[in-house]
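Just dropping this structure here.
Chain IDs A, B, C, D, E and F follow the sequence of writing; residue 1 opens each chain.
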Amino acid sequence: MAVYMEELDAFSYAQKIGEGAPVLIPAGSIEQHGPHMPLHVDTLLSRRMAGETAQRIGAIVAAPMAYGYKSQQRSGGGNHLPGTTSLDGALVTEIAKTLVLEFIRHGARAIGFVNGHFENYQFLYEGADLALRELGCAGEDVRVMLLSYWDFVDEATIGRLYPNGFTGWDLEHGGVLETSLMLHLHPEQVDMTKVVDAPPAELPNYDVLPVRPELTPDSGCLSSAAEATAEKGRILLETASAGMSEAITSEFGLISR
Amino acid sequence: MAVYMEELDAFSYAQKIGEGAPVLIPAGSIEQHGPHMPLHVDTLLSRRMAGETAQRIGAIVAAPMAYGYKSQQRSGGGNHLPGTTSLDGALVTEIAKTLVLEFIRHGARAIGFVNGHFENYQFLYEGADLALRELGCAGEDVRVMLLSYWDFVDEATIGRLYPNGFTGWDLEHGGVLETSLMLHLHPEQVDMTKVVDAPPAELPNYDVLPVRPELTPDSGCLSSAAEATAEKGRILLETASAGMSEAITSEFGLISR
Amino acid sequence: MAVYMEELDAFSYAQKIGEGAPVLIPAGSIEQHGPHMPLHVDTLLSRRMAGETAQRIGAIVAAPMAYGYKSQQRSGGGNHLPGTTSLDGALVTEIAKTLVLEFIRHGARAIGFVNGHFENYQFLYEGADLALRELGCAGEDVRVMLLSYWDFVDEATIGRLYPNGFTGWDLEHGGVLETSLMLHLHPEQVDMTKVVDAPPAELPNYDVLPVRPELTPDSGCLSSAAEATAEKGRILLETASAGMSEAITSEFGLISR
Amino acid sequence: MAVYMEELDAFSYAQKIGEGAPVLIPAGSIEQHGPHMPLHVDTLLSRRMAGETAQRIGAIVAAPMAYGYKSQQRSGGGNHLPGTTSLDGALVTEIAKTLVLEFIRHGARAIGFVNGHFENYQFLYEGADLALRELGCAGEDVRVMLLSYWDFVDEATIGRLYPNGFTGWDLEHGGVLETSLMLHLHPEQVDMTKVVDAPPAELPNYDVLPVRPELTPDSGCLSSAAEATAEKGRILLETASAGMSEAITSEFGLISR
Amino acid sequence: MAVYMEELDAFSYAQKIGEGAPVLIPAGSIEQHGPHMPLHVDTLLSRRMAGETAQRIGAIVAAPMAYGYKSQQRSGGGNHLPGTTSLDGALVTEIAKTLVLEFIRHGARAIGFVNGHFENYQFLYEGADLALRELGCAGEDVRVMLLSYWDFVDEATIGRLYPNGFTGWDLEHGGVLETSLMLHLHPEQVDMTKVVDAPPAELPNYDVLPVRPELTPDSGCLSSAAEATAEKGRILLETASAGMSEAITSEFGLISR
Amino acid sequence: MAVYMEELDAFSYAQKIGEGAPVLIPAGSIEQHGPHMPLHVDTLLSRRMAGETAQRIGAIVAAPMAYGYKSQQRSGGGNHLPGTTSLDGALVTEIAKTLVLEFIRHGARAIGFVNGHFENYQFLYEGADLALRELGCAGEDVRVMLLSYWDFVDEATIGRLYPNGFTGWDLEHGGVLETSLMLHLHPEQVDMTKVVDAPPAELPNYDVLPVRPELTPDSGCLSSAAEATAEKGRILLETASAGMSEAITSEFGLISR
């Protein structure tokens, strides 16, 4: 079944929306992801996570927000790194708001952001909030969810995939999580021979701007991808998409269609 | 040779920019294109046009602006049609401005927009202008070009591909141009059995808002795609990318690097 | 009958609006128009075109948008030329949106932009669209038209006025069209002895920013005004205003008042 | 000597700017001015005041800001009155900022706003301030003045023109000041038979929104124009333009050109 | 009785709003006030004026707008003076608009700005106006007042407190009014030994930007505070808060709750 | 030593800035904090944390950002709760940006945000980033830090203060952390008899808008404050301010003054 909106013709899309299909909006980034992975990892993974979820619940996946908010040093290495191409927060918010309003205009009543770039979250949230506020006077009955796919990897899976200990999602930039998923979904875009097997980055408990570049490892990755495997990627995809499917069904089942 | 930025790793991208590669930004839309083609025709075609051009001249193609300005009735059938998902003009302008500034920050000095959605043009132009104005006080030596790929289909080719007469690019929405290109590049996304072979739409020489929906043909196409063929698509791709390559080389050869 | 809003007193204006008079908003520019014409040609002509049209159909003409969007090289010679004083696109859009909302607040239900500066069009369109969207939740029954006066000069008239061939409206900057209209309406503001009789400008089929000034003729005009006459101006005014009157009456007759 | 920019051709304008002519920007409004005067009184008077001043000091008068900030009840009767067509404060500020930046781009170094609509002042001031801040990094040597023409009517003249007592400039909306000036400059646009000779409006020392319409006299005027004469208008024009000329010369003489 | 919102717990606040209490929003500034007073004089005094008024009428005082619009030379000495920390006009407007909308969302129906910084006024007014316009489509029955506390010091009190003549509120920056109020309310924050007893500043009847710093007295005060006393402060507080209480009761008594 | 900017006179402030004092900007909120605490807990605590830190390192504390970003259900209970008065993200960003630019204009070179409201963080970060970008062309040598005070409570202290287990900072809304600090600093504003001793809130691992109010405990607190004591507050204040002092000194010691 086709789930990606942009590959549908207008009439098929309209029919699905008319049947009550939720719309999932992938939110990624164009951001360096080390020497072993391409720039669009976040966009690709959020799109595929949304796609897998949509398959399970009969949703539509919107064309992704390919560019995201600025990379921050403590979660993405910093916006100064080569190739990282970012939008201001206000722009991420406006795009998110616009897409919510557009899909509602089309007839959708249940919309979910599937975030694949940590830094996006607050700006997506604000976009969703502004869209709902703008709809206020029209008495719309609409719900918007905001999901970061890694939040649906449960403790048990973490324990299984990180047998030597887990350093937290914030350091999983270019590490085992993303690399495993890429190995599972797009192995031709990963070059494991270029992985730099270094200890996790040590970053302060605050931000400073302009960033001090020396705090980010030369590879641009905050933790090592050496332990990444396609099998781990398969498990992560399945676990996260199952969790998101359950959450979305649970929330959007409440909406009267 | 890889030309699509998002598929490059950060270090390869940085090297290409360092060697002076221009950056081409495809600008498309998510817009109904009749019952026989998917919603992302403009985005796909602008991206592939940019890709073909980049191959010829050693440029990089940025991740596309997937969403575009509102569909207007006289060139796209109107923004009310199902699936058409659009941004306000200010948002198109801000995204275009941001991308120019980001690629310049990376070190690029020659940037071109390859437009595939008529309605985008003025807002892209404004984005480019604002970016250059913002750079003014830093004394940057940068050039930005704005190209609509159909403007590089010469009169001879038009005569050859439209033997029964050409009704103008504005009515080429979902017609021979776009359908032929899709048949050449993504035949699996075209269903020629669904083409509606109707005469060109007759639209007034002004706009009225809200649109009068009855003025747009039911198919959403402004002219018939019945005469579209993959071979015509091949010719169009070659002609337009050759023309754009020549124009870009001619302009950007003037920049001192 | 007085048609210019700014010359009416408040009570007379209110009465006309109460009677259902449409409001026409002239949109011009302060832009160089060669050595033989003043800077406000676009503003003056759009205002007079609107005035002539208003006389025919009982409309009111708003105070004009005197400043317009940036002059583009392929239609106005470029924004770098002396005297050209321009607004950003967002500002043109905001002014257009505001005026639509204000006249609707006054009670008008039919509003038309009479554009006299090519570059304004998309930004006026966006302003009208945003105004109508903002009114959405109030269930207003309003229509807005967007007209460029030269689009109402029919093929027959073109053949008659340009016996040696017509090079297109985009090159009619400071040429026969505008100069003839000025000779008919404000001959005291035209100095035909300063007309530069040069062949039409040859401009590329794309834009480049910053502009290359050498592409614009030294006069700032894109085609020669040597063949301009007051009689041609009279014909143009009559033809265009008659065409616009017919279009407006046709559209706005549909509105229930 | 021609002082109005829009009536100059581009080359003459450029020459004047090159010679160091200051640019005066009239700022008015489209606002009800009672049954005896047209809607553009503020725009017309600020333009003529600027014109008279420009004649004296060799300045150029820009095309006026024809629309202004919202009419406030304590100085203009309120924005609810018929015909009053207003811009948001941010829009007045953006237009003012843009014009300052444009004239500086042309080469002007001395710019003055000649305000004719009380409510505009703070928004013009902000526009001027933002323009200068934006120029900061380019080290521009530019000055901007903000003048309200009535502030240049001295106490002696007030005593002479208001023998029965003066109630303050805020109540001079549609009263003796503006009506006398109109009688002097555009008598054909004044109908003294429609003047309502009522005592000055009594308004509270605060604002309340939405306005209470009953606080504004039915005529829309805050004081009576019955004592207005063309002769008073002549004196007011001469006094104010002389005062402004002196102030401008004094300030702008300090600029090194 | 507690009147300051920020010191209430959520449930007590909700109860008061539910009982129909008006909300008063103090609007101040962080602005130099001479060598004898701290930077937050305007914020402190507007807050205390609002507090005294709220006590009298059962209102709630919102957390103050601590930062205000730029200090202008003719009323505050100028924004260039040390310590003066200001917001752009658009920001003051947006904050004012947001607060009105928030308190209305809470259930308030009567809101008053108590202004303590001259330069804020127009931007507060605009914020209130925009908030009410945004509420338009929801048919809200809401009133917003705008009060500058010094406007409620009547002529008799002025005569009593300024026996040697009153130079106008605009020159009362750091002078008798503010210093007396501070001596009454926060004597520990005033150092009368540092008062500079100079004649009132002489400032032109126009503004020029950038300001000419030499026009402002070195102390930063526009008139002398030498005659300030705590007793005068007590009288001013009582007079102004009594006047504001009367005005607010008069206006908001009309609202149906 | 006085550290609070608003209580300094302009000259003393200027002297401190001239001596190189960093400026700390407290960022709080007006947000419900249960029945036992007032609405300004976040503002008060961020201000006092900044004050204590400033005492240690010779910094100045700016007047706080009293209003903050919208309360989110998973960290503050939700924006729908009574008394919560919030700003849009863009507004928080603009205020943060403006304050950075203002203090830099004054001569400061080291600025730190001391955040006391979780939801503010990304918008403060964006404001700091935009300010530095705007300064780019002026070659300023400036650093901005962003600190959330709770991030400086180390593991050892957490173990000591939460002997029965720690549920994470996100649930510490109205719980032991904030209540203990208030008991230490402002005991008169806490009513421990109103504390609701309920188990921590159970919230999903995603957000949904509009919020489902039933997910937030009736008290508005996400964890119980029953174990809060003034002594814990003293330890928290000391630990966090010591940690922040060390971080700031470490970063800003690198700046050349």
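Points to keep in mind about this one:
What we mean here is this: contacts are C-beta pairs under 8 Å (C-beta built on N, C-alpha and C of every residue); 3 or more make two chains touch, one makes a residue touch a chain.
Note that the coordinates shown come from a computational prediction; the quantities given were computed from them, not determined experimentally.
Of all chains, the one whose CA centroid is most distant from that of chain B is E.
Should one ask which of B-C and C-D has more C-beta pairs in contact, the pair is C-D. Comparing each option in D-E, B-C or A-B with E-F by residue number, the pair that reproduces over half of the contacts is A-B. In a homomeric contact, the two copies may use the same or different surfaces; for chain D and chain E, over half of the interface residue numbers are shared, pointing to the same surface. Chain centres here are Cα means. That of chain B falls 55 Å from that of chain E.
Our note on geometry: chain B versus chain D, Cα centroid distance of 47 Å, whole angstroms.
In chain F, 88, 137 are the positions where the chain touches two or more neighbouring chains simultaneously. Within the complex, the chain F residues that touch chain E are 5-11, 13-14, 17, 30, 32-40, 43, 62-64, 66-67, 81-88, 91, 94-95, 98-99, 102-103, 106, 189, 191, 194, 220.
Looking at the complex, you find that chain D touches chain E at residues 69-70, 72, 88-90, 93, 119, 121-123, 125-126, 128-130, 132, 143-148, 151-152, 204-210, 247, 251.
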